[in-house]
Each structure stands twice: as C-alpha cells, then as structure tokens.
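Down below is the structure, laid out as structure tokens.
Chain naming follows the written order as A, B, C, D, E and F, and within any one chain the residues start at number 1.
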C-alpha cells in the first residue's frame, strides 16, 4: 500500500461548492472516501484525478448506486476507520 | 502509525438529527471504531449539531431515535458527550445550571450529555489520535 | 391553477425532500392541485433499487410511488438533471414525466415553492 | 392586482435563527407589509424554522433576540404564529399538550406561538394574497 | 411599468446550485430580488439575462457592495413588499 | 504543525463562518498554532466597508482584524476565489495573504477543518 497523505471525507452532492473545493485540493497521494450524498459523485461521473476513491457501502446502496462503482472500492464503517488511521491527515468536507 | 494498535478519536458533530445524516453516520463510525478496539475520547456537538442532545426530540415511533441511541452509546462505553455552550444557548439547549442563570422556564439537555466550552474540543483535539468532523450536506 | 413543489436535494443526506413531499401530500389532502418537480441533485429521488437498511432510514421510493394515489397531479423530472446524474428513462416510473425546467414550465403554475 | 389596496400575506420561515438570516429578513418584511397597510394572515414555521419558537433560546446580550422579537411582533399585531407539529416533534419543540402525551420532562414552546399541522399552511396559502418563503442559504 | 410575470427572490450565494437553477428558469418578463447572500451575485458578475434585477439595500450594505450596483435597483423592504404584489407569482429560491 | 480552519461561506447569511472563527480563537487561546483559509464565497469576509446596521448583526470586519492580536498565525485567501468575487488586493488588509488553495498548501498543516 502506498503512502496516504490526506484522506478526504466528502459528504456533499456534486453540485455543492465544497465538492469542487475538495477536488481542487486533492494531491496525487491522497484518497477520497465518498459518504452520504457524496456518493452521488459516482453517478455524476466526476473526475477524481489520480486519487484513490472509496465509497461507503451503506450510502451507495441507499442511493441505488451499487451498480455504478467500477473504479471505486466499497468500504464498510470498519474499513473507513482504518483509512482514517492510515492517513497522515483527515479532512471532512 | 499502525492502525491495528489501539487509537483514540474525538468526534465532532455539526449536523442536526432529522435535518442531516451526520448523527447516524457518526454513530456508525463510533461503533466501528470501538469494535476495532479503539477508543472514543469524547463527542463534541457544535453548531446545529447540539440539537442531538435535546431531551425533547420525539420522532415518529417507526423512525430511529438518534438522541436516545447516542445517549445509550455514550453511557454504554462511558464516552463523554459535550455540547458547545455558545452554540447551545443560541439554539435553545440548556441544562439546569443555565436554566437558573438565565431564569428560563425549563431545561432540555438529555443525560449523559453535558454543556461546556470549546476548550473541550481543543483538549480532545490534542489528546486524540484523530479528530473527525461530521457535517450536514448544506 | 396549481402549486409546483420543487425538490432539488437528494434523499437521505437531508430531510428537505421529505418535508417537500409532506407539503405536496397536505395540499392534495385538502383537494388543492399540486405537482412535483425534481431538479438538480433532487432527481436522485427517482433512481430505482434504493436499499436503505444500512442507514436506518425508510426508502423514499415507496413514498413517491404513493404520490399519484394521494392525488398529486404530475411528477416532473428535469431532463438535463437526469442526464447529469445518469438516470435514464427506463429507470423512471411510468408516473414520472421528463420536462425542461424553464420559464414556460413555471408559467403553468400559480405558485412554486421549496420546502427549505 | 393593485398593490396599494390592502392585501394579506402568509409567511413561511424554514431557516433557524442563529444559523440562517431567514427570521431577520422575514421580520423586516413583515413590518414593512404592516406599515404599508397590508395584513399578515399567519406565520408558519417549517423544518428548521421551528427553532424560532423556542422559549429557551438565549443569545448573548449584545445580539438581537429573534424569538423574543418575533413573539413581540406577533402579539402586537395579533398575528398567529404556528410551528408545524411534525417538524417540531422531530426537532425537540413541544408544548404542554405534547409534553403530556409523550411523557416528556419539559415543554419549550414560546407564547404566542402554537403547534399545529400543515393544514394551517394550506389554509394560509388559500386565504392570503401571497405566500412567501424565507429559507436558509444552504 | 411592464408586466411582471414571476418575481424570483434569490437568497443563495452564486456558488449554490439553486442560484443556477433560478437563472435557468428566468423568463423575459421576470424580475429578481437579490437578498441576503444572493446579493453576492452582484460581486461575482453573474449574468441575469434580460430580467430586471433588484437588490435589498440593507443586505448590499452589510456585504460592502454598495459600490457595485450599476445596473441594479436598490430596494428597501417596503419596495420589496410592493414587488411581491405586482408580480403574478413569487418564488423564493 | 498547525491547524488550518477553512471558511467557505460568506458572512451574515449563515453562522458557520462565525463559528469557524470561534474555533480558531479557542485554539489560539490554548496556544495551539492555527491559521485561517478563506475560499469560495468565504472570501467575502474580506471585503471592506461592510455596514451591517440594517440587518442587526455585528460586522465581521472587526472580529477578523482582531485575529492576529489573538494569536492566529496566518490569514490566507484563495487567489481565484478573490478574483471571482472581485476582491482586489488593495481591499485586503495587510494581514491577509493571497495563496492558491491546493494540495501543497494543505500539506503544510497537520489538520484542517470546517465549522459546519
């Protein structure tokens, strides 16, 4: 596993200004966890550059998006906890 | 940092229940952290998040009772739950002490939540391995 | 003329959409003509296969399916918003009509409102 | 419609005080409407707007007290102020009747606000010349 | 004074998705009243098409924008009340 | 390393920015290093000549002017956001530094947070 500089936790819809702010501050060794309405970024085909993209399984299922998760790793709450500890820093958008 | 070693978290909730998903997401995260052997140092309610500590929230009986579910979790794991006093007073959440001080007709803080200043957040931030924020969508 | 209740927020992350639906149901219960418009991220209400057991909320699919039964006249979805969120017509229930949210649409209603 | 003839308004507030500007904007609008000879049929609090009817809100003494200022306006002009019951119960705003029904430890509704169903909004909507909505920014 | 079809009351920042939704539903005989954070639309140089644009004086002053209101009529609360009665319909975004 | 408190909401329409500033002041009061970043519509905090008497709120200009006095290290403003909202350098107080909000900036801080 590569180094993980910043873990971005993104819960906003893709139309929310903070979604774009998050993308603008993504680094090459960063990862994103899409949670809550943030998982709609999978449907809106947002570009996440080279960042690793995770999405919270329960939120993906709730929004009927379980079929749209090609390049995305689904994680449960436990794996999300692990990611927050792997990262050097965590930011909740 | 090895994530198998036990770590500790401060969780900050800024989204209100029945208005945002933040209290549900934060509780699921907290339970997963405990299950993995980590500790929750404290939960700090800020901004609209203070409504999670209301004793008067009464959702329909077929919906989860987030203030009650959170209170149960805090008691079970002996985790302090603190609502920011400045956020709370502006939004109408008071304990018995504030009720007396401001001569109000009632108090509405749900045990085991307490009311205190931002210093609690600063302290949690210093002591915990990680501080995580749970905001609303807008 | 009728009221248009507009939903531009997706389900589950917030309560505004549910509260908008309650407004529409109330109008219908008092025999006031009312239609719903889903626009922006609000079109995510219309996706099929929502499984909400993990987040402890009730699925909004059933609520929405009940709308025509309760007397809500039209359920409209903005075409461009559906494209943006990858919601294709086969995914839309029969009761949902694709439309273009513009001034001409608004002119067909005497009032229009959001829940928050 | 001639805007010099007297008209009537229903105002719907969905944004909470000390979280959005909605209660301030709505009050300024209401005062201007009355000053112009129009009537306010009723004020309906919906969603997070119900927090405006809290009896326990205690802002710092150098900030306007929006629940108090609104209550004064409603009394002075005999305007009914109604909080939606479904919004209120989920968010922890209850009157004496709901306190008893749900066996809660307190009530926190500020007079002269009352709690009632969305039918009050529908009625205002039918009777008033205009229904205006005051939302938060997000 | 021309007919006023719809009066759009816009209180969102220009970055908020509802700001764009409002612009998308503007008709040629419509008017906008910018209030609260909506007055920031004057600073962000948003295009309001052919609609008449009003802005609430107190909100403009609060945000330090009193100097950026060329093509905009500043209104007070009383004039705003009048506009809501002139319009055939009013929508609060 | 320091905490970066980020403000992306304009003043007056909501309280989140004020609550972010309170967080920054608290950290500073406990001698924790903290800086502020204004981005998006948040840069409207930095405009001069705010006259808030009509909306019955206190101007945030004074609060912000007090930030360096209370020990807040840097006050940063995202360059592109300032351009978008027409906030030119002469309008910025001496204590405000234009920056580019990107991954390199974030890497200089051990933590970053919004107030809501």
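By definition in this document, a contact is a pair of C-beta atoms (placed from the backbone, for glycine too) under 8 Å apart; a residue touches a chain by one contact, two chains touch by 3 or more.
Values in this document were obtained by computation on a predicted structure and should not be read as measured data.
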Using the touch definition from the top, what's the fewest steps needed to get from chain B to chain C? 1
Taking each chain's centre as the mean of its Cα atoms, which chain lies farthest from chain D? A
For the copies chain B and chain D, give the interface type as same if over half of its residue numbers appear on both sides, and as different if under half do. same
With centres defined as the mean of C-alpha atoms, identify the chain lying farthest from chain F. C
Based only on mean CA positions, could you tell me how far chain D sits from chain F in angstrom? 33
Chain B and chain D have mean C-alpha positions lying a whole-number Å distance apart equal to 28
List the centre-to-centre spacing of chain A and chain D in whole Å, with centres computed as mean CA coordinates. 39
If a residue has to touch 2 or more other chains to count, which residues of chain C qualify? 9, 12-15, 40-41, 55, 57, 111, 113-114
Quick check on chain A: which residues sit in contact with 2+ other chains? 11, 13, 15-17, 36-37, 58, 90, 92-93
Residues of chain D that touch two or more other chains sit at 18-19, 21, 25, 47-48, 63, 90, 133, 135-138
Could you draw the chains as nodes, link the ones that touch, and say if you get a line, ring, star, complete or other? other
For a test of understanding, state which residues of chain D touch chain F in their complex under the given definition. 18-21, 24-25, 62-64, 136-138
Seen from chain A, its contact residues with chain C in the complex are 11, 13-15, 36-37, 40, 43-45, 57-59, 61-68
Residues of chain B that touch chain F when the two form their complex: 12, 14-15, 46-49, 86-87, 90, 117-119, 121-123, 125-126, 131, 133, 135-136
Please give the residue numbers of chain A that touch chain E in the complex, ascending. 13, 15-17
In their shared complex, at which residues does chain B touch chain A? 1, 3, 7, 9, 21, 25, 28-29, 31-33, 35-36, 38, 129-130, 132-135, 137-138
